Amino acid sequence: MGMPQTPPPSTSTPVLSARRLSRRARTLAACGLATVLLTSACGSADATDAEADILRIAAADASGTNGLDPLAASAGASQMVIRHLYDSLMVLEEGQYRLELAESVEPNEDASEWTVTIRSDAVFHNGDPVTAADVAFSISALASPPSNRVSVYANVDLENIEVVDEQTLTIPLHRAGADFRESTLVVYSPVFPAGTTDFAEGVGSGPYRLDSHDDQTIRLTAVEDHWRGTPTVDILEITIIPDATARLNALKDEQIDYAVGISATGAQTIADSDAVTLHNGGLETAFALSFAMNQQLEPFDDPRVREAVRLTADRQALVDTALLGFGEPAADVVGGGLPGYSEAVTARTQDLQTARDLFEAAGVTELTLRAGEILPGMMSAAQLFKQQLAEVGVELVIDETPADTYYAELEKLATHPFQAFYYANRPAAVHLAAVTVETAPFNVTGTTSQYWQDLAEAQTIVDDDERLAAFTTLQNEFYGSGGDLLWGYAYQIDASHPRVGNVTISQGVPWFAAASIG
Amino acid sequence: MITVEDLTISDSRGRPILDHVNVTLPVGGRLGIVGESGSGKTTLAQALLGAVSPGLHHTGEVRYEGEDVMALRGRELRRFRSRRIAYLPQDPASTLTPTMRVRRQLTELARDKSTDAVRRRLREVGLPHTDHFARRYPHELSGGQRQRLALARVIATDPTVIVLDEPTTGLDILAQNLVLELVDDLVRSRRLGLIFITHNLSAASRMVDDLAVMRTGRIVESGPVRTVLSEPSETYTRQLIDAIPRLDATATEPETSTAVALSVTDLHAFHGRGKSRVPVIAGLSLAVHRGECVALLGESGGGKTTVARSIYGVHPDFTGDIRIDGDPIAKRMRDRPMSQRSRIQLVPQDATGSLNPRHTVRASIGAPLRAFHGHTGTELASEVERLVDLVRLPGDVLERRPGQLSGGQIQRVAIARALACRPDVLLCDEMTSNLDVHVQQEILALVDRIRTDMSLAILLITHDLGVISQMAGRTLVLNDGQLCEQGPTATVLSNPDHPWTGYLLAENQLPAPRSAERDPVIPRQRPTEPEPLMRTID
Amino acid sequence: MTRHLRALALVPGLVVALIAVAGPWLVSGDPLSIIDLPYGAPTGEHWLGTDHAGRDVWQQTLAGGRPLVVVPLVAVTLTVLIGTATGMFAAFLGGTVDAVVSRLDTIALAIPAILVLLLLLHSWGNHAGTLIVAILIASVPFVSRLARAATLQAMNSGYVEQAIGLGAGTVTVVRREILPNIIGPIIADAGTRLAIAITLTAVTGFLGFDSGQANWGAMVNQNFEGMALSPWGVLVPAILLAVLAVSANLSLDRLAERMAP
Amino acid sequence: MPVVRLIAQKFAAATVTILAVSAVLFMAIEVLPGDAAAAMLGGNTTIEQLEAQRAEWGLDQPATTRYLDWLISALQGDLGTSFISGEAVTTEIAQPLWFTTILVAISAVVSLVLALLFGVLAGLRPGSRLDRMLSGSALVVVAVPQFVIAGLLVMLFALTLGVLPAVSLVPIGGSPLDRPAILVLPVIALASFGIAWAGRLIRAAVADANTAPNVRAARLAGLPEPLVVWRHLLPATVPATAQVFAWLISGLFGSTTVIERVFNYPGLSEVLISAVRNHDLAVLEGVGILLAMIIVLAFLTADLIGTLVDPKRRVRPS
């Protein structure tokens, strides 16, 4: 049986997060418990509303929260709930950066201060209009503990955010940041009413409002006349089912209509089935899988070794075996298929002869890879790569670490020269700025200070095209001699009842507001 | 009323357990079936109820008023058992389910379940006929009350025939008489047919009109009681008659000239713990000389066994002084040195339980030889063989386990094992009470011979006057945990001082015959000198 | 069932045990090496096809039985030894020893076994040692109680009391008189313990703790989801596992019967 | 009142046991590698942050101090606060524990009833064809891993026949009892082992009781077989059966962890596994102690039932 899909440990989405619910939330929970004890259903889940279209969705979640609280949500179900309950200033949708609640986001000349104008027709579920003050409050809340997104907003000078008028505010930065839109607002910018400390009611301005919920399931109803238009599906019921097999079983059994994330094996099993439709998220929701080499540690401080390792990999074979073909070979830099990706970056093809020569020249005959089943297929990939390395005369020792302690061993993460790793596929600029910088928690590729300097400089270039060019150079450099053997993208495969259609991807999660139920 | 015709029951290998048995019980008749254990008595008794154990085959017929009992099935069989015939097995008290109150015990099988009926039935068996009593559980009753209750339970169905299978085995004479009297009264007042199955000839003789003697599945002799007892035609019947111990056969004189082997002074022994700790022996003193056999007589449950266990070192909850040849010994067997352990040995009532079922006879007897005397190899083997021979066991039992031996053989093994220790004192605790009379005789003779040969001091604990009269030079009578009388056996048995002893003796007599014309005449060993074995009352 | 038939029933068990024990010697190369695409059909070269990761099912079958024989066998043997010894001596010696052992048993059986298992797996990883300790903690109190009760019963029988009088020391009494009479039910119980232990070694992977070695339990576990794609990776080890557990149980039952007094 | 005193004594002993268990659990969790602070803060951590977090949670205190603090608040009904979610442990585990208890209780009762049936049918005639058939099946069921049984059940009843749900989705704010269908397959999966295991033990007890003289006498007295079994035979097997039931409950709380994962049943399984991973001491202690209490209570009840059903121990001879 498959492991539950666990989300990527990227800076913007810490896997594990702590926060304390307010007293009110606890009281509510206690009431909920009392209700449970009396076994009287307070929810309306069983009420079959003949008129309404209900879409029942199941997903895993990494946060252990239900997604009502934007400060605690993580990847998976909670992110999906956030996406539908709250409008964000900007989003990544269908491979594009898009303005959502923001009408414009403009920098001053050196990109040290940004002016955000929001649309005037957005209304919170409680009837209040969305104002600049709400945005200012939301950013401050997201930037301060107990929010788990503090690092995303680390560069924002909170003290000096200024609300100019109902629709406009200015956001100063500590350091100039020309990539503020994509590296901050696009990453995570939900807006909630100013003064909100208790998120139990889930008041946002998104296309769905909270109907009812418990620990496992959240029921959302469509907001009529939302500024984006009235959603096509009346009711969303999002259930947390951690196990991918269970999700697929629930779908096959028609207990749910849409399963977010099923295993490759599951996908292959139902590939030819008429009863179930597969939704391939493509590169937009894919995970980028890597064997990361720390450039600062032996033997990977020798660029020949890094090159040799990258040339040894038969990426297609790795994808076919470890991912059962539900993915594609990757080209050592995250961001494939997404905005701003360098055209010069293409997947290396296996070249055993060159690899053998390079290893020989560097005198490397043995490597140790720290690996764990952090994503399904990772251990298979490690095993297959071991066999591929054996072909060039290098013995790979696999140091297997249980998935659940993989990220807890901070010491090893920082000091092991060669480790299995994976990232959410995000635009290269976002990824490089978040993951390969000095302050990144997992600098598993061991980027150097020179690189950090170049990166910081690129981030200050206000002109979009010039900045893009600078990031392209950085990508090419990272591609040429960086520390990732990024061998493949694992698609996220969703599955649904055949009648469900027109599900798009927004912010890396399925977007149901425009879905069709046939 | 019941006729058994040519009934043969055999096991899966075709060996007969009952072999062409023919018996008849006329309406209102009383039939005794006498035989040793293993003779097929119980199989016959159960066949009368249409019960044949799984795996056994039968041919022949059992008829009740012409109806073929063996052919009855299901509802009809249950109807027959619950209306026509009642069965009470050995140890009747054990048939009482402990979770059912007295009232329930009596109403369960009865048709009339009214309170009045319950009272009537209690009265009928001489039990208190109060509601309070009816609410009790079996464990709240005394042993005698339980037996009455068990009897009342089976006759609550108002049967026409009652089958009693060894109802008195293991009871002391007092309890035994109570049961027999009760049954007698009931059978008489209800005009029941009675089938009385026993190994106890004297008990049978007072209960029945006709007697059938069984041996190895066959009826070897049958006829009116008087005829069978006075003119037995079969040797086997004669052996059974001869084997009854006689009260007047005091064989041994008190032996006090030799040294005291065992002395017990002021023994107080207790049962239970904490608040429920009660004294069972209060100030007993006794001495046994070398080569002497002293009997300790008392009621069942009167603490006799506790005395033996205290001396033997497995009942440490006592005070008082116990000495072997003048040396004090530790309370617990575990604390006694090896040299002392070997000197006192016990032959228990439950010899089967005292032998490890997993060890062969050779291993059982060999263990103390090895432990106490360091025998090994051929020396060990020959000593074991000598002992086995001494207790008159055939050599081929050596490699058998207790499960493959008969009761008498097991008792002999226990004796041989005790002797292997070369003890000075032998404690015999009701050693023959579970045995058939005829085996009992042999064992007693054996022990007596060994006592003389080895100059053993023997403390004989028993409730059986016959055994005492045959074995013991002196007799101590225990009542309420205290010595109430002691003296040479002949004196105690003929002129009891203490009223309790007198009562015990009186109860031990064969009661008055059922009716004058059926005066039971039990011949003594030599029929040429007819003299009653037991004196009749008044 | 006749004697012969019953003996015949053990033949599959013996065959499986043989595969389990001798299998690893017959493996060619690393049984966990990836040789083809996942869920491949059986071929002349790979008799049972490939598993979820593209590894040879037959080679893994050969290699993966030993841990399932060794770990449960060691664990249950230790369980029986420790449980019987503690239970027997507690009952025989009585007093403080009995009080302490009984208290420890009570505490051990009150600790939720699953918690112990999870904690141990998390701390030590999925090794033979972890499983053995977890099985011991969960099973010893049961066996100890069983042995204690049986010993108390055996001690009520005359032969134990009398053995001391007949010159036997504590160890002799326990070993010669008590042990042979209580071991029957303990061995019968060990059959079930063995089956549980086998299941447990197989189930750890399911809770998310992989041992990284070929193992029938892990095979069933990992290939279960893809059973529709290729059943061999599940069916073969599952059947072997069941046969192993059933015949282990059967033979222990028979042993217990033969040891019964 | 001896019965009252008996119960009081046993409760006192049980309390001591639970205290001991709490200490043992605390120690066991103490020696887990890593700690909650590291687990929670994950990669973003500096040593200072880690220390600060540890101090906030009191993890820098000596173990004995922490244990005593924990114990004192536990006695007041406060099992502490989950490190990870920040909720009170009692709040956090109340619902999963309740749901798991529902599942275990139903499985235990189903197991017991069917095990009794099996035990009686097989034990009344040991060696019969029925006995061999039942005992043989029990052997096989015990031998097959439960997640395999569960998986097969899903394949058959949910995915092929479509008669029962494959996944246990509880209605919002409701309990599994609101949608009993979701309980069926998990209960079958759990009870199959319970029936087989308990059935074998009960069978032995029945076979033993079946040879008792009172049972044979009741049969020979012409009492109908059901009454013989019900009134005369079964009472004698109650103490053993009660014990088996207690073992069953303790065992089911273990195996339910696996079954809950298969069916995605919202019980303790997720809570436990994630608490172990995250080193969430408070939750582990809380779950551990509550389970221990349930188990001890089960054994206590079994013990009392065994005592009370026996008039000899319940009623003093008057």
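General observations
For clarity, chains are labelled A, B, C and D in written order, and residue numbers in each chain start from 1.
Just so it is clear, a contact is a pair of C-beta atoms (placed from the backbone, for glycine too) under 8 Å apart; a residue touches a chain by one contact, two chains touch by 3 or more.
Because the structure is predicted, anything quoted here is derived from the model rather than measured.
The most central chain, judged by the distance from its Cα centroid to the centroid of all protein Cα atoms shown, is D. Ranking A-D and B-C by contacting C-beta pairs places A-D first. Centre to centre, using the average C-alpha position, chain A and chain D are separated by 39 Å. Inter-chain spacing, taken between the CA centroids of chain B and chain D, is 50 Å.
Centre-to-centre separation of chain A and chain C, using mean CA positions: 44 Å.
Within chain B, contacts with two or more other chains are made by no residue at all.
For chain A, residues touching at least two other chains, in rising order: 1, 404-405.
Across the assembly, chain D contributes 33, 147, 151, 261, 276-277 as residues in contact with two or more other chains.
Under the contact rule stated at the top, the pairs of chains that touch are A-C, A-D, B-C, B-D, C-D.
Taken in their complex, chain D has these residues touching chain C: 13, 17-18, 20-21, 24-25, 28-29, 31-33, 132, 139-140, 142-148, 151, 155, 197, 200, 247, 250-251, 253-255, 257-258, 261, 272-273, 276-277, 284, 287-288, 291-292, 295-296, 299.
Across the complex, chain A meets chain D through its residues 1, 9, 11, 14-21, 26, 29-30, 32-33, 35-37, 39, 41-46, 64-65, 151, 212-219, 237, 239, 241-243, 246-247, 249-250, 252-253, 255-256, 404-405, 407-410, 413, 441-442.
By the touch criterion stated above, chain B contacts chain D in their complex at residues 46, 49, 51, 54, 77-83, 86-89, 91, 94-100, 108-109, 136-140, 153-154, 157.
Residues of chain C touching chain D in their complex: 1, 103, 106-107, 109-119, 122-123, 138, 142, 192, 195-196, 198-199, 202-203, 206-208, 217, 220-221, 224, 227, 238, 241-242, 244-246, 249-250. Those residues of chain D whose C-beta lies close enough to touch chain B in the complex are 125, 212-224, 227, 231-232, 235-236, 309-312, 315, 317-318.
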